[in-house]
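Here the chain labels run A, B, C, D, E and F in written order, and each chain numbers its own residues starting at 1.
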């Protein structure tokens, strides 16, 4: 466990994390001391945990902690999830905003997936680079539909922020850096209204899961995919 | 002006508003004292304001205030917008969460648009009723595409919350009331993950603008439509 | 479970609890839905939980919650304790300050144990009554040694507050009500210095466990005793 | 505009400002991009703004921001003032506590006006120096009447704080530095009662306006005087 | 003492006090239990306390508490003052905002002094009435000079707030009630700038001391006058 | 006084104090300027103050301030105590957490009293060292009875924190440093339950008074002992 923890600190130093992640990253559920098999996923859903346990894993590495809001009770779905994890003596290790920012982390994986070149990191989160794909091409690489806000005429200079990154300050920086478009997830009406560049809205899962999959591949861990079911009409 | 304000109080009593709306509803920009022509829109965008001013209006009734965040400076787009409004001596009157909850307000207009029957209000916001439309039918009535989260098999008992209403507490109440689906805007990944009912995601504009249009029609005001440009790929 | 919860509400209405107990009383760990065997203890220690689980219990009623401080991680002793509870599908139900104040609750049980007569409740917590025991007699009934602060000449009018009740305000009220002595646990130097009446210091366990034992006896539950090991020198 | 802003930063670096001035100094109302004519005043009153606009100015430099309290509405006198400013495309630039402390700023101008020699700055605000004027002489230079609190026998060592500077801590420092008298504005009863040195009370305008006039003179700007009307009886 | 306290509660019920007066009114320094001689003053200055002690008083009734800011140390002038009070076993009893509002209290005494007729109380503090005096007449009755802000043409409808009452909200109410002028103490530049009615500035002492003198007279107590020394130049 | 204060700063630098001691250490009651006789005690009780005053002392050095909670009134026992101190013109000087941590301070004196060798300070407070005494030996040196929580088999490696030091974080550090036992005062039930090492509970007075006695001896001051009366039953 100690060796594993040290290795993770190298991959995603906790000092890179946002302040709100204090107490919510690293080992958030403690299981067996010895680590022999490691699984990896975006979220510690009940389905992911069951798959990991069934496969004999001792460690599950995820991006989103299953205990975000501090609790003084374990009831309902949380009790069920924690029972599954603790009974299996599965460890759960979280790398969140520290992995968003880490070299080779969430945003880097997204740039790689979209074949961006000349990538430069932005101040807070995300990166900007040269994109040779068009919108259908981006949608194809991300594996899902996209919503485009505004008059998009080009996405050659593309700013990307994996996760929920439509922050007016981030968009403003992208604009200053010459972005033609800003790709992220979870757009709000008021933000779209005021955005100085066209915005491409994908989903949290589509933008972040590739990083976990890539991480699993690089380390020989088992990746467990569990996308939320999403359909578009018409 | 006094008569107008009294009439508005009847339509959307300020006592119905959320606490966070204090100081953000009613007359938020003061222009001419005498009101002869009234326009109505969802947002006080620059384009809406110019149209209203060009039409000779003295009053613009909107759902979203153009001064949400308290300011100690008027610069950039805010300065431009306020110059346009003040120079034209246009009044801006906001009805926000008070109109969401008012009889004949935003949620009622949405129920009507979706032809819901047996509508009952929910505790915080929104309503639940019987829906005879299917998803393509709902999309058609709302005039735009929809994203559906989860396995939707029926939307006969439909809970609706106009605006950004995917609050876990609201969804939980809808579930308890027997909803088959929950329609609102601006879904977040973590909320979708934990939702006990399938969720139908439209947009803020599609869900709220109908109420303003209906209000304009009922009062003989000029309605100014200004939807954000949104395209879906592929 | 529903019937059990209703019965508990009658025994110790949650409306009697202090505000700081919000979210920390009632069902704090959720296990099996059906309740067939109930155990009872003062604290949900690892030893108590193991005894309860080994006896086939589905419910453990305790006075002190095992999750006082809100957590965003389950590690160390907390992980171990929660694993034991959740794996056994044991429910944990807490009655804290609501049971302190309830009729037949913690303070009433203490009065009964000390054979106090003419007991009257005090404003915040505890009671005052006529005591016919002397200090050795009180020590004997409580089953442990006592520390007496100040010049105790009589304990005929005895004020008692089960738990950690040496609050200056409580002592002051007892003084006003004519108490000769004030019995509670966990005395602080500054409080002893300023106390207007002599104070008898017992322990949290000695003062509160009797109420849980009595509760178990009245309801036919199994009581699990687990006093902290305490020795006095010389 | 950019050149103007840089020059102002040299005159009154924003890093010198108090924390409460955050967001309230610099460009607080944005007008024309190109600056050809500059006016200067203590306050951006309606009268000052009209004079500036009538003179064809693009920029008004003031000491006190017209938007101190954060607003979510522009109504009444604020709407009227902002309409006047925005319609004229006048820029408003504020230098407040940064100019109080700047070399050649508000307190320096006051020392100069009162012909103080050997001026040393005090820790927080203001300065102390040798004064050769008597009270009528000071009143004459300040152009208005004075109120003197306490037994003033000399004002040779005079401490001055432009604006509302009767802070017990400031007065105490002046006393320690050997001041015979303390000159500022807006005395409070409790402060006067406890003051260890006699206090000379002038007005905010009399103490601060000279600095703005001097600034205008040095830069070739038009100074607009607009003192509040004040009469003394009997 | 008990009888005295009850009588004071009738004169100035503590329920009338502002929230900020909690812990700062009533008996703030405790001396002798038996009250035989009572003195009264506006402030508990060292000079007042010495006079009271020398006269053999056991009780000093004042408007302003000598311990406004909570203290964890008694040093400097506070130590000196408290030594004087405690050594003399003098009680100090404070009636502050409760006496401002009480019938026959500070504001009523001011109205009486100024011979106002048809006095009506204002919402928060102070009163408005018909005044037959002119400015020199008011100055004469108050026994000191006045500063007048704005163009005062009449003071027939006069609003008065004893103490430091130039609150924009109070002035605005006075304006709505038809006041020609607003009399109070401790004017601030920004308030004077925005005031919708001309303001007459007297001093805290001149406006409040009459009420304490009147109270002493009504109850046969010794009144101790101790005005701050104030001179006006030129 | 100035020389005395400087000497005290050397003995117990105020920079060593906890933040909560701000305003509660150093000179907390000011008496005579000239210091000729100094007394020393743990607490400034009424009895201690009377003894000091009767002995003609001008200065009383204590560990615990008599004005912990900020006051806006001096009534009851506080009035009585302050009257005694101020009338005697006695100065009261407090050294609290700064003296806990100072070289030769409270924790050092305790280590010395218990004959600990190889003492190393702990991070926050207290020290750990080698102890050759057994429990009765420790009780004898501390001059009172002890309560031992847990299964104490050895106290060779003894961690000590004078005062109320049973903080879970402190105990945890002691455990990490290899402590066999942890000695302090004022144990709480929940802390004892979770402690990873056996805990020895003495009293605040027994652990801290030796340091004040030692300080008095080293400086030729009069030490005034005033232990709270404490008896153990049976």
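Just so we're on the same page, contacts are C-beta pairs under 8 Å (C-beta built on N, C-alpha and C of every residue); 3 or more make two chains touch, one makes a residue touch a chain.
Note that the structure is predicted; figures quoted are calculated from it, not measured.
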Message: So if I look at the partners of subunit A and the partners of subunit E, which chains show up in both lists?
response: none
Message: From the C-alpha centres, identify the chain that is farthest from subunit F.
response: B
- prompt: Out of A-C, C-F or D-E, which pair touches the same way E-F does, with over half the contact pairs the same?
  reply: A-C
Gap in Å, rounded to a whole number, between the CA centres of subunit B and subunit A: 31
Task: Express in whole angstrom the distance between the two chain centres, defined as the mean CA positions of subunit A and subunit D.
output: 52
Centroid distance [mean C-alpha coordinates] between subunit D and subunit C, Å: 64
Query: Which residues does subunit B have that touch at least 2 chains other than itself?
result: 68
Statement: From subunit B via subunit D, the ring reads B, D, E, F, C, A
- prompt: In their complex, what parts of subunit C are in touch with subunit F?
  reply: 43, 45, 64, 68, 77, 135-136, 139-140, 145-152, 164, 185-190, 192-194, 203-205, 228-234
Field: Of all residues in subunit A, those that touch subunit C in their complex
entry: 23-24, 26-31, 65, 67-76, 79, 82-83, 86-87, 89
